[in-house]
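Okay, got some structures for you below.
Each of the next two complexes has chain A plus one more chain, namely chain B in the first and chain C in the second.
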Partner chain A sequence: MWRYIGRKLVIYLLTFVIAVTINWMIPRFMPGDPVRSMLSRASVSDPQALERMNAYYNEVFGFDTPLHQQYLSFWGGLLRGDLGVSIMLYPEPVTDVIMRSVPYTLAVLLPAILISWVVGNRFGAFAARSKVLDNTILPVGYVLTATPYMWLALLLAWALGVVAGVFPVAGGYSYALRPEFSWVFVSDLISHWFLPFLSMFVVALGGWAIGMRNMIIYELEADYSNYLQALGAPRRLIRRYAFRNAMLPQITGLAVQLGTIIAGALLTEIVFNYPGLGTLILDSLNNRDFFLLQGIFLFVVVGVLIANFVIDIVYVLIDPRTRVQMTGGAA
Partner chain B sequence: MTDVAGAPGADSAAPAPEPAAERRRSETLHFARRNPKLLIGSGIVLTLLLIGLIGPFFIDHDPNEYVGPQSQPPNGEYWLGTTSFGQDIWAQFVHGLRSTFLIGVFGGGVAFVIGTAVGFLAGYKGGWVDEVLNMITNVVLVLPALVVLIVAVAYLDARGVLVQGVFIGLTSWPWAARAVRSQTLSLATRDFVDLARLSGRRTWRIITAEVAPNMSSYLVMTFILLFGGSILIAAGLDFIGLGPTNGVSLGLMLENAVAWSALQLGLWWWFIPPGLGITVIVGSLYILNVGLDEVFNPKLREL
Partner chain C sequence: MTLRVKDLKVYYQTLRGDVHALDGVSFDLADGEIMGLAGESGCGKSTLSKSLIRLDSRMRHVGGTVELDGENVPIADDEAMVPLRYHEISLIPQYAMSALNPTRKIGRMINELLRSRGVRPGDVADELRRRLELVGLDPEVLDRFPIELSGGMKQRVVMVISTLLNPSLLIADEVTSALDVSTQRSVAESLVEFRDREYVRSMVFVTHDISLVYQMADTIMVMYAGRVAEKAPARAVIEDPRHPYTRMLVSALPEVGSTVSGGRLEGIPGTPPGLLNPPQGCRFRDRCPMAFDRCAEQPPLVEIEPGHWAACWKTGE
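Up next is the complex of A and B:
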């Protein structure tokens, strides 16, 4: 088990180093001059101010020092938790700006991932091998996985928000309210949270249902299922065994799908103007705030790595075979 | 193809595979013609492809031109209505379909080439090559593709469909590499591959002539999934505002609709068609893929 976790840790560490390196390389090696592009956005006409800003940016990026030194100082700043200063919300540090948005993103993301995973698996297991359900749920599931996250979000916002007027369609809470711990504010927060959550949940649902359905069919053809059937075991019992076996690939699937789902959450947030990381990305792009953009990138990567690691540990806890390898038994 | 093992009569073995292969092909066709999922899926995809290919020739104005009255709901003259600037949504949709298929081909193509090359090499060579390639695959797999793309593409001044496709391809190949690798692993130990190796063929020749043809159906399905995946990623990028500069695409239409508050103004004809187009294309691709799976995989046929 420790070897397994150790191997995974090495990969995650490597991924982190590569992500940081990409982050460092992009502004330096991409065609085009980021400093000039930021300056042109600022549209300063005074040549003296322009000169000074140019010098400032060159110093911040450290363009006047040799490359390897730039790289090392980039890491140094990173390890001190210093991601630079936001241009859009000058002079707030990037870390603070991001930290303010993270709770909103997590509030939408975590419940959507977990609940869609559980419900999708149930649906899929239920649909497998029953002709009518299979022919209805399967196409619906495929269409759902093919739906772009932002489009379903738009549809829901339009149908439930604009036409029916049941839910608010923009923001994290009403502008008339001040953040406080009261019933009015919390209920307002939840009603703003519901639509982004719902649209994430619905899109993610289809993929899990399809995956589970395919796995169950595979498991029902395995020897142990046939054996149980030959013994005359009840259908429910065989199904339950198949379900537990089919669960394992679905957990790995969760790790693989994580990047797509997070991307979906970012897009969904933009539709609802929800104050999470997605909206922050859009704002930083519109304001050419590259420090903020790169800070968000690192945050998301670290988040994905942590989530992957948690999933790995859960996998070890659930699947006894990974533990057996540790003690060297049952070769 | 797998029964090359009957090596003794080398000259009699040569003509034998031909009718067998022919029979297999006609058998595949037999099942393909009777598979509703395959027929419906490919029918829809081909229809939309035709609209995207031919449609733009029947529209004599630029899709971004302000041609008509503003905010018109769908009517006889403007089939899908107009935007709040008076742009013809049908014209945008048709051009958008074309660029959607283009990005699918580019993005999916680049990802397919990288993914299969890495997968074949890792699976066939084994040893340290496998270790290194596997490591790279795992690293790229963990990185969230869209977020990497956002940061990378944000620095580009001018963006085209081609560049977007290459970038999407560079980030979305890992799962394909994994899938191809595991298939190659099981094929690489077969007798006919050993035989080819003994006869002194080059590695690349063995992979293209012995290994790949035996998993061709699998490769086709991998490409279709990559194709659909890169359409979705491109739509996401376009929606954030990192789409092709001055271009038209279904994702850009969605971005514009949201940016000019079509939602609040109730201009549903502005944001429903582009999203529906993407969903229908990718959804039909997935269903077509299931159909293909049932055609190629005899185990699934009885279902």
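Up next is the complex of A and C:
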């Protein structure tokens, strides 16, 4: 067991190093000079002053050192928890900017992933036993999974926000309010949260339901189900076994889908101008803010790796087959 | 008389029409009898064994009756069959290797199955351990997952589970097909022992391996294209077969002690007829070297000697 976890940890660590390296490379090889674009916004006309400012900022951000040294000092900063200073929001540290956005992203992402997973699995298992449901609601599920996140988000924003006017369509909270712990502010926060959450939830739901339905049908046709039926076991028992066994691939599916779901969350945030990481990515791209961009990507990568690692461990705990293989039992 | 099957007809429904997989099968099975059920693939032997315990969704009971210990067995009524299953009629499936839920410990699965059938697991726990030891398994397999057992061990576990409630009739469907020769022998011997100890009253042992069934069975029933060709004591089927199909089948087997000089073994030329639109008359007619005009008419299954039944116009000769 510990050997297995150790092996997994090494793999994840390796992935982390590669991800950090790529993460460091991408913004640096993107066209455009961030310092110059920042200075052009300051519209300094004196060429001498411009030259001096240019040199100053290059020194501050460390662009005057050779590339390999930039790479090493990047790692050094990373290990100290220092991701540099944001260019866009100079002189705020990148970590602070990211930490301000993370709660919004997590608030949309976690409930959307978990609730859609639980509800989708229950619903799929239920649909597998009913012909009517199978024929009417599953096609809807297929349409939903095939829907691009931002398209559904636009549709919802238009229908529930613009036409019906029930929910606000942009922002994390109303500009008229200040963040405070009061009923007015919290309810405003929730009404802004609802549409991004709903669009994430609905797209993910269809996929889980379809996957679960197929898995249940497969499990009910499996040999152990047939054997139990021949021995007269009630449907309830067979269903229970099938549901449990069908959950296993769904858990793997969750691990695999995580990256896609997060990408979807970023797009959804952009549509709703929701102040999470997705919107921050867009802003930092527009402002050529490498440090911020790097920081966000790093954060997402670490998040996905941790989530996958947790799922790996959970899987071992619930599937005796992987557990047996690891403890070296007779296969 | 344990089991009496009369003129049983079970068809498979397909898009192109009914496949007459069982077309008027009749036989009796006595108390304590182990009947080997032999025949080539597609002759209806698996359909027959399934019909006796659970019809699958494509199978349709068209006619005929099944009686067990004098009571009618409502094979077409899935609900009414439930009380009989496991308690009176039990099955060792063809797929015994994968018949156990992979994510449950074996002991727990057995307990859940027993409880769902209205049996207190505690009442049979000692018997379960005894029987596991009888087939050469350590009772600690109950604390293992199926993946921790070898194929032969899983097979034996399933044998013990299926016979735990002492059913009247046990159907062993191709239980030896996936095993190597030495394991085949020990499985066959265990099944005979189960009968001798009266864990099961009588048994239908489905196989396509006539030489194996000859060693363990009391009687052998040979099926051909959805019908019974011949049923007789095992010795009679091997030494004095009457139906031309049985004769050719038996002569296609290598004889014990024979050497290569005995000449090449002959197969049976031709293939069985399709059962979607089965031909009139005797179904073996096209491959039969003895066929004559009268074979256009279906020969009845008649008792030519006590306990020896055959369906052929020429059995008298």
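The rule is short, and it goes like this: the second predicted complex is superposed on the first by the 275 of 331 C-alpha atoms of A that agree within 3 Å, B and C clash if a C-alpha of one lies under 4 Å from a C-alpha of the other, contacts with A are read in each partner's own complex, and residues count from 1 in each chain.
Methods note: a residue touches a chain if its C-beta (ideal position, glycine included) is under 8 Å from a C-beta of that chain, and two chains touch if they have at least 3 such contacts.
All of these numbers come straight from a predicted model, not from anything done at the bench.
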_Quick check for you: in the superposed arrangement, does A:N245 touch first (chain B), second (chain C), both or neither?_
second
*asked:* Per the contact definition in the header, classify A:L237: touching chain B only (first), chain C only (second), both, or neither.
replied: second
*Between chain B (first) and chain C (second), which does A:L228 come into contact with in this model arrangement: first, second, both, or neither?*
second
*Pick one for A:A263: touches chain B only (first), chain C only (second), both, or neither.*
first
*asked:* If you tally the residues of chain A touched by each partner, is the higher count for chain B or for chain C?
replied: B
*Have a look at where A:A19 lands relative to chain B and chain C in the superposition and call it first, second, both or neither.*
first
*asked:* Going by the contact rule set out above, which residues of chain A touch chain B in the complex?
replied: 11-12, 14-15, 18-19, 22-23, 26-27, 30-32, 34, 37, 134, 138-139, 142-143, 145-152, 154-155, 157-158, 161-163, 169, 221, 256, 258-260, 262-263, 266-267, 270-271, 281-282, 285-286, 290, 293-294, 296-297, 300-301, 304-305, 308
_Complex contact set, residues of chain A against chain C_ = 222-224, 226-234, 236-237, 241, 244-245, 248, 318-321, 324, 329-331
*chain B residues touching chain A - in the complex, by the definition given at the top*: 135, 138-139, 141-148, 150-152, 154-157, 175, 228, 232-233, 235-236, 239-242, 251, 254, 257-258, 263-264, 266, 268, 271-272, 274-276, 278-283, 285-287, 290, 299, 303
*Within their complex, state which residues of chain C touch chain A.*
53-54, 81-87, 90-91, 93, 95, 98-105, 112-113, 116-117, 144-145, 147-150, 158, 161-162
